Every structure is written in structure tokens, then in C-alpha cells.
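As written, the chain order gives the labels A, B, C and D, with residue 1 at the start of each chain.
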Amino acid sequence: MESLKKFKDKLHDIIFETNTPAGKLFDILLIVTILGNSILIILESVDVIKNSYGIVLNLFGWIFLVIFSIEYILRIFVVKNKLAYVFSFFGLIDLFAVLPVYFGILFPQLRFLVIIRVFRLLRLFSIFKMGRYIEESSHLIRALKSSKPKILVFLFTILFIIIIVGSMMYIIEGPENGFTNIPESMYWAIVTISTVGYGDISPQTSVGKLLSSLLMITAYGIIAVPTGIISHELAITSKNDEIAKTCPDCQTRPHSKDDVYCSKCGCLLDS
Amino acid sequence: MESLKKFKDKLHDIIFETNTPAGKLFDILLIVTILGNSILIILESVDVIKNSYGIVLNLFGWIFLVIFSIEYILRIFVVKNKLAYVFSFFGLIDLFAVLPVYFGILFPQLRFLVIIRVFRLLRLFSIFKMGRYIEESSHLIRALKSSKPKILVFLFTILFIIIIVGSMMYIIEGPENGFTNIPESMYWAIVTISTVGYGDISPQTSVGKLLSSLLMITAYGIIAVPTGIISHELAITSKNDEIAKTCPDCQTRPHSKDDVYCSKCGCLLDS
Amino acid sequence: MESLKKFKDKLHDIIFETNTPAGKLFDILLIVTILGNSILIILESVDVIKNSYGIVLNLFGWIFLVIFSIEYILRIFVVKNKLAYVFSFFGLIDLFAVLPVYFGILFPQLRFLVIIRVFRLLRLFSIFKMGRYIEESSHLIRALKSSKPKILVFLFTILFIIIIVGSMMYIIEGPENGFTNIPESMYWAIVTISTVGYGDISPQTSVGKLLSSLLMITAYGIIAVPTGIISHELAITSKNDEIAKTCPDCQTRPHSKDDVYCSKCGCLLDS
Amino acid sequence: MESLKKFKDKLHDIIFETNTPAGKLFDILLIVTILGNSILIILESVDVIKNSYGIVLNLFGWIFLVIFSIEYILRIFVVKNKLAYVFSFFGLIDLFAVLPVYFGILFPQLRFLVIIRVFRLLRLFSIFKMGRYIEESSHLIRALKSSKPKILVFLFTILFIIIIVGSMMYIIEGPENGFTNIPESMYWAIVTISTVGYGDISPQTSVGKLLSSLLMITAYGIIAVPTGIISHELAITSKNDEIAKTCPDCQTRPHSKDDVYCSKCGCLLDS
């Protein structure tokens, strides 16, 4: 019983930790199998490749299924709070990497669901979390987080414009010009304001073209807003990084390297 | 008479103020009905949904009509300067939330005007004005305001390019290639310079393609200008927020509003 | 002879200067006629309008022709160096505002050239130069000027990518998929890299789609460069504006408000 | 033997160095021939031009072939480590400027490969490396380099979104709506997220349009990230350029490279 616990602990370290050689090896193997699995799913969807190399693809499909199934069982086996893991985000991701295949065997008409396995790519985020990449992007993520309220206001405004312009275009152009209903009109407004412009729906009347022109020129100014926000936030976060000292007394606020006295309580700062 | 005035005052507080529990409840109910009304209008425009759930949609339509009518009458009832309200921006918005329906009953062939009711969404702005969201965006709005002259110059330049290039393309391509007249050519220029690019009109001749290429590469540089302006203005507005106090003793360095002691010499700052 | 010279001088002031009431009035009249003329040309190109209001448009056309002809003759009459004016940029612009019409009367088959008159809009730049708008944009123009070498490097790189990718796509896709020759391929590359994306030409083969995808993702990064440059230059120009003091001794370099001694020659700066 | 070595050294200086008059002349001639060659290749691909001026184009083709062949042989002749040159990047570029023509003579059906010669344009980079342009862009390149990790994280996230959204759209829309397989779906996702939007493939179902709308709005925020990164990095690199000296006396404030005296206390700065 003791040895089982020890074995379980060791397995837990290998699977969930990354600072032991075995843990690192496990992570690398996991990355390779997940990427291999994703490439397999992408290739399987191409008819020409499937017809020529169907057997090879099938073989790899079974191999990945076995590996992921064993991995899933092991993960459940080693975690303490099993239920918490199973219903956690990554627990579900791990489950959906194998479930659709078994499901597809039972109900062959639902075979197309096997594509869901590609979401296992998201597992990479939990692996890289401990790597150095996340550190590089932490700066970016912090900038994005602190500009969240501004971006929400921005998105709210965009949604507003989309509903108003969408409704107006539905009245102006109408179903005979491709604006069959307001949701369709709103889809067109999004395609236009994001400057994608497929051209599957486009204004035909003069008034519609005028309103579209106004929307496009507005889009010009609007696209500038999130860029401005993010580049500004990046500048601020990086500035705060430079500010290194904290007051030994009140500890609340960071001070810049040049500061000698705390600006809150007036006591001396250490170098 | 006294009690009526009191009742009127209380009603005014509920409808126009937001800091009492009743006022907050009223605002929340208003937001819910306005959003519900907008969703209703959007859904009504979809044939499939209208055919299946026509009765439910109609029912909700009548409910919202009754609520908005009562609300409109109450608003007129409680405000002092009734005429000023009726012809104010939000007064008209409130009116157009109910008028098109009554209008549609009298003239069934103008029923499509009921979509105008969706503009009631703009009412949300008057509600959120007192909320915290507007505070988050005040920074943004100030940046946009102070960059107004620059943006006007920018828009003027854009308009210029559009007229000049539009006229040139009309000569080069002509009606046989879809550039039927100068306004149409200008519409094409806007679609191109905003990088939307529907493809409903596109140059066919070599010279036209060359000119378009120049316009597109110019667009590249042009799209950079408003972004640069806004991110720059954001930096300035935020900087001005920080700089508020100066040390009465050493006077060298600006301090933020939150600072109590000078970070250079440790002496007290004035409020 | 004296009085003629005086009259000439006064006329010169009215036409070319802007700080007298008469000069201002002349400028405003010029702006109105130029804008009116432009709107006329735009409207004339629309068949529906031309057929209905042809007589009115024609009338205004003659009025503008007479006004611009007189203005042109007066300008030649009052300037000292007549040849320099005639062959200057604005001299040619003024000429082309009337010439195409006379030309069109002589050679009716070249009537479409009358659209050239729209370029007279460029005259507005010479009028606004003395107005306040140019001041607002001077900041912007200075930022653009000082980032010229960076933007040139950027344009050179873009041109490079366009030629290389254009040539590759011509080999990969070939004339059968719309890439009829390298210039056409380059046009497609510009349409793609500027994210306009008309869709008149689009890759059909797998290799072509892969290369296009790479180009589009590159375009992502590339569009960021001019924006970054301009917003950075704007920050610098505005910073230099803040720096107000100049050394009374060497006068070469601007100093910031906080500086006490000149950083070049070490002498004291005035406040 | 001595004189041959001397001649070789001199030739090496002319071909590889740029600071002698002969070396400069050689560079200019090389730039002219490379640009001429590129224009020739572009013109050759246009049928109309080829049919009319085929003989002239052919003549120039042979001239450039002879020049580039001689140049290539001379380069091999003068460099010490011949093998290193031949297999270096620019060695291969120089080779591919002539090889495809000889290849095309031997195998006429592979004649279309002569377009590869256009890659010789890349040689210009090795010439401009010593020019002043690279200096102007060094700032830009440094900013791009230092933001490399952030851009990699960004590209990784984009790739992620493309695979996930591509797979989802393949399930939702399916081959009947143009999403024939996952790579095709991913191509569509790239066309959409980069806001190019050809419109050759576009969503047809309601769910597909909803997912596309989300992708487009996300693209909005995403396009802001690289811009923000680059403009921020530009600000940092330029700031680091300024900060070079510190006053030996008061040590408080960084001085630019051009400063001779401290702007705070007036004492001399070290070089």
C-alpha cells in the first residue's frame, strides 16, 4: 500500500510536474503526440490523402487513441480529487480527445465528430504555462487585461453600430438585394466594419452605398481605437516593470528607481 | 395638490435619477425591456421565426408597446419643461419607440417602419451615462476629442483622395467596367481605401489596376495615421492625469494625485 | 500708369493674400465656386441627374467657366513673373480648370476630358495653407516627414515582397487560374498584402493557397510597421514641442523646461 | 604569380568592397543590371509585349545572361573560400540568376523556370547593406528583433485560432458550402482573420455566419496586438539610444550622446 502511494506520487510528478527529467520527457512526448494527432485529423479531412494513405492514417489514429486513453486513465488514477479533474476544463479536453472515437464506433453516422479531437491542441496551453513562452507573453496578457474595460466599451459600441446600421440597411436594401433579414444585415455590417468584405452581400442602391461608405470611413477610425489602447497599455505595463522599489513601511505603492522617499508615508526607501 | 406634486417629484426621481433603489430598479427594468424589444425586432425580421412563433412575437410586441407608451406618457407628465423634453434627442428616441407601431396600424403598407423602434437602443446611453462604464471610456472619449482637429484634417485628406481618384477611375475605366458614374467610382474608392474590397466593382484595365495599386499602397500608410494619432493622444491624456502636484520644496518632479509626500525630499505635498 | 500699378497691387493682395477683408472674401468665394464646380462635375456624370436637370447643370457649367476664366486671366495679369506662374503647379491647376471645356467645344469627341476640371480641388490646399487647419496638421506633417526614410525602407521592402511573391504565384498558378502575367500577379499581391481582397483573382491550387496564406500572415505584421513608426514619430515631435528653452549662447539645441544649464556649452539658461 | 594575386585582390575589392570609386561603380552597375533584368522578366511574362518586342527582350536577356555569368565566374575566382561562397545564400542567389537559362536551353519544356532569375533582386540587400538605407532601418530592425518573442507568441496564438476555427467551420459548413477539407477551412480562416476576404469561400449557414462574425471581431482586437508591440518597441529602442551618459556629479538624469555638459549642474560629462 505504501509502495502504491509512492508509485502514485511519482507518476503524479511525471504527469503534472515539469521540473524533473521524467516530467520534461513526458511533456515533450505529450506535445509530439498532440501535434501528430492534430496533423492526422487535418490530413484525414483531405479526400485525396485519405484515399491514398488511409491505412497509415488509420494506424496512427489507433495509436493516438490508445496513448490518449491510457494517459486519461493514468491522470484519473493519480489525482486526489478525481471528480474535480474530470469536470475541470483540461479534464474535459482530455476526455474529448478519446470519447468521439469510441462514440463514432458505436454510432458510425456520427463519425464526423472525431474532428472534435483537434481541440486537444488546447492542452498545449497547460504544458506551455510552465515553459518560458508564457513569461514572454505575460507582459502582453497583462496589457490586454488592464485594457479590458476600455475594450469592453469599444466592443459594446461596435455591437451598437452593427445593430443600428444592420437595421437601417435592412430597411434601405431589403430582401431583394441580399439583406434578407436583420441578422443577415448585421452579418454584413460585421463583414464591412472589420474590413473583411467578402462581397457575398453588398449594397445595390445609392442610399445603401452612401450608408456603407459612412460605415467604412467610421471603421477606419474605429480600427485605430483598440490599437491605440493596446500600444498605450503596453507602454504603461512596461513602465511599471521599471519601477522597482516598494516602501518598507506602507508597502502599498511601487516607486521608481530615482525615488528616495516614499510618496505615501514619507519614510526613507532602501536602494 | 400638494400630494400630487410630491407624487410627481417621487416619480421624477424614479424615472430620471439613478441613486435610489427604486430608480435603479426602474433603470434595470428599462434596460431589460429595451434589449428585449431589440431582440424582438431582430427576430421578427427572420421569416422562419416569424412563421413559427408569430403569435408569441406579436404578444411581446404589444406588451412592449404598452410599457413604452405608459413610460412616455409618465415622462411627459413628470418633467417640468414638457416641450423641451419632447423635442430633445432622447424625447424623440422615446417617441419613435412607439409611434411607428401606431402609424403601422393606421397605414398597414408602412408596417416596415416598425424597425425604427430599434433605435430605442440609443436610450441605453442615457442610462449608462450614470453607470461606471462611461467612466472607463471617458479617458477614451477625451483622447478622441482632443485629436478631433487632426482627425478632421485626416478625413478631409481622405475625401480629397476619394474625389480625385474616383474621377480618374471614371475616365480610365468608364461605365463599361462598372464605374458607371463618379459617385459610383467614389464608392469604389472608399471600398478600396478602407481595405474592405467587396469586389462588386474592380478595375479591369491595366492603367486602372496600376492606379488602384497606388491607392492601396497609399491606404497602407493612411490607415496608420489615425491609429498613431489616437495612441498618441491616449498617452498624453493619461500623462496629464498623472501630473497633478509639484513639491513645494524641491519643485523638480511632478507627483500623481495620490501622492502625499514628495518622493525626492520627503516633505509634505499640498492637496 | 501709376494708378494701374496701384490697382494691380491691390488686386494682387486680394487674389494672393488672405489677411485683408477683401482677400478673405475672395478666398471664400473661390472655395465656394471650386466646391460647387466639383459637385457639378460629380452630378454631371450621373445619367439620371443629367437627363432631368441637364439645363441647370449646363447653366452652372458656363457660369463656373466664365468665373474661372476671368480669375485665370486676372492672376496672369497681376503676377510679376507671369511665366513662372503659368508653369507653376497651381498655375497648371488653374489652367486645367478651364482648358478642357474649350478643348471639348473644339473636339466634341474628347468631351469626357472635362472631368479633369475636378483637379481644381487641389487649389483648396493653397487657400487652406494660410488658414488654421494647416496649423493643426503641421504636427502630423512633421511626424510624417521625419519618418520618411523609415517609410521608404518600408515601401522598398513591400515592393520587393510584391515582385518576389508575384513572380512565384505566376509560376505556381499560371494564366489558367487568372494570374495571366507577372504584372497581373503583382496586382494580386498588392490587393492581398493591403488586405483589400477583391476576389477578382484568387489562388486556386493548394500550393498557391499556402503561399497566399503566408503572405497574408506577413501582411499582418507588415501593416503594424507604418502604424508603429507614425505613432512613435508623433510622440517624438510632440515631445520636442514641449522642450521650450534654447541656449542664449550656442542656440543650437532645444532644452527641456527642467534644464538649468545648456548641455552643449555649459552656460546658464534663462527661465 | 605576385601580380596575379595583386590583380585578384584588386578585383576582390571592386566586387566585394564599396568604399573605392571602382567598387562603387561596380555596385551601381550591378544594381542597374539587376533592376533591368527584373523588369525584363516582368515584361517577358506579358504576352502582348512579348509578341511585339520579343527580339529586343531576347537580346537584353542574352546580354544580362553574359554579364551575370561573367560576374559569377569572377566572384568564384576572387574569393578565397570558394566552396563557402558557392553554397552561401548569396552564392546560390548568384547561381540561380544564370542557371535556369542554361537549364531552359537544355530542357525547353522547363523554360518557365527562367522566372527564378527574378530572385536575384535579393542581391540588392547585400549591396544596400553597406549603404545608408540600412542605417535608417536598423532602428526598425532592432525594434522588430527585440519584439520577436512577443510576435512568436502572437503567431502561435493565431495559428491556434486558425486550426480550431478551421476545424469547427469544416464541421458546421461542410464540403457542400466550399469548406471541402480542414486545410481549405484553415485557408478561409486566414483570409478572414487577416481581413483580406476574397469571398471565394464564405459561410452559408447561420451558425457558420455567427462563428465567422466572432472571428472577425476577434481579428479586430488581434490586429491591434502586433501594432501595439512594434510601436512600443520602437519607443524603447529610441529611448535606449538617447540614454547614454550620466552626469558624474549629480548622477540623477540620463543625457544623450550629443550632450557635453550636464543640464542639471553644469559640470562636464565624460565621453
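Here is the rule we go by: a residue touches a chain if its C-beta (ideal position, glycine included) is under 8 Å from a C-beta of that chain, and two chains touch if they have at least 3 such contacts.
Just so it is clear, the model here is predicted, and its values are computed rather than measured.
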Problem set entry | Chain separated most widely from chain C, comparing mean CA positions | A
Problem set entry | Equivalent interface positions on chain A and chain D, same or different at half | different
For this session: Please compute the C-alpha centroid of chain A, do the same for chain D, then give the distance between them in whole Å.
Result: 30
For this session: Give, as an integer number of Å, the spacing between the C-alpha centres of chain D and chain C.
Result: 29
For this session: Return the residues of chain B touching two or more other chains; collapse runs of consecutive numbers into ranges.
Result: 183, 186, 195-199, 223, 227-229, 231-232, 235
Seminar exercise, completed: chain A partner, complex, touching residues on chain B are 38, 41-42, 45-47, 112-113, 115, 118-119, 121-122, 133, 136-137, 139-140, 143, 151, 155, 158, 183-184, 186-187, 190-191, 194-200, 223, 226-227, 229-235, 238, 255-256, 258-268
Problem set entry | Residues on chain A engaged by chain C in the complex (per definition of touch) | 195-199, 227-228, 231
Exercise. Okay, in this complex, where on chain D does chain A touch?
Worked result: 149-150, 152-154, 156, 160, 163-164, 167, 170-171, 180-183, 186, 192, 195-199, 202, 206, 209, 212-213, 216-217, 219-221, 223-225, 227-229, 231-232, 235-236, 252
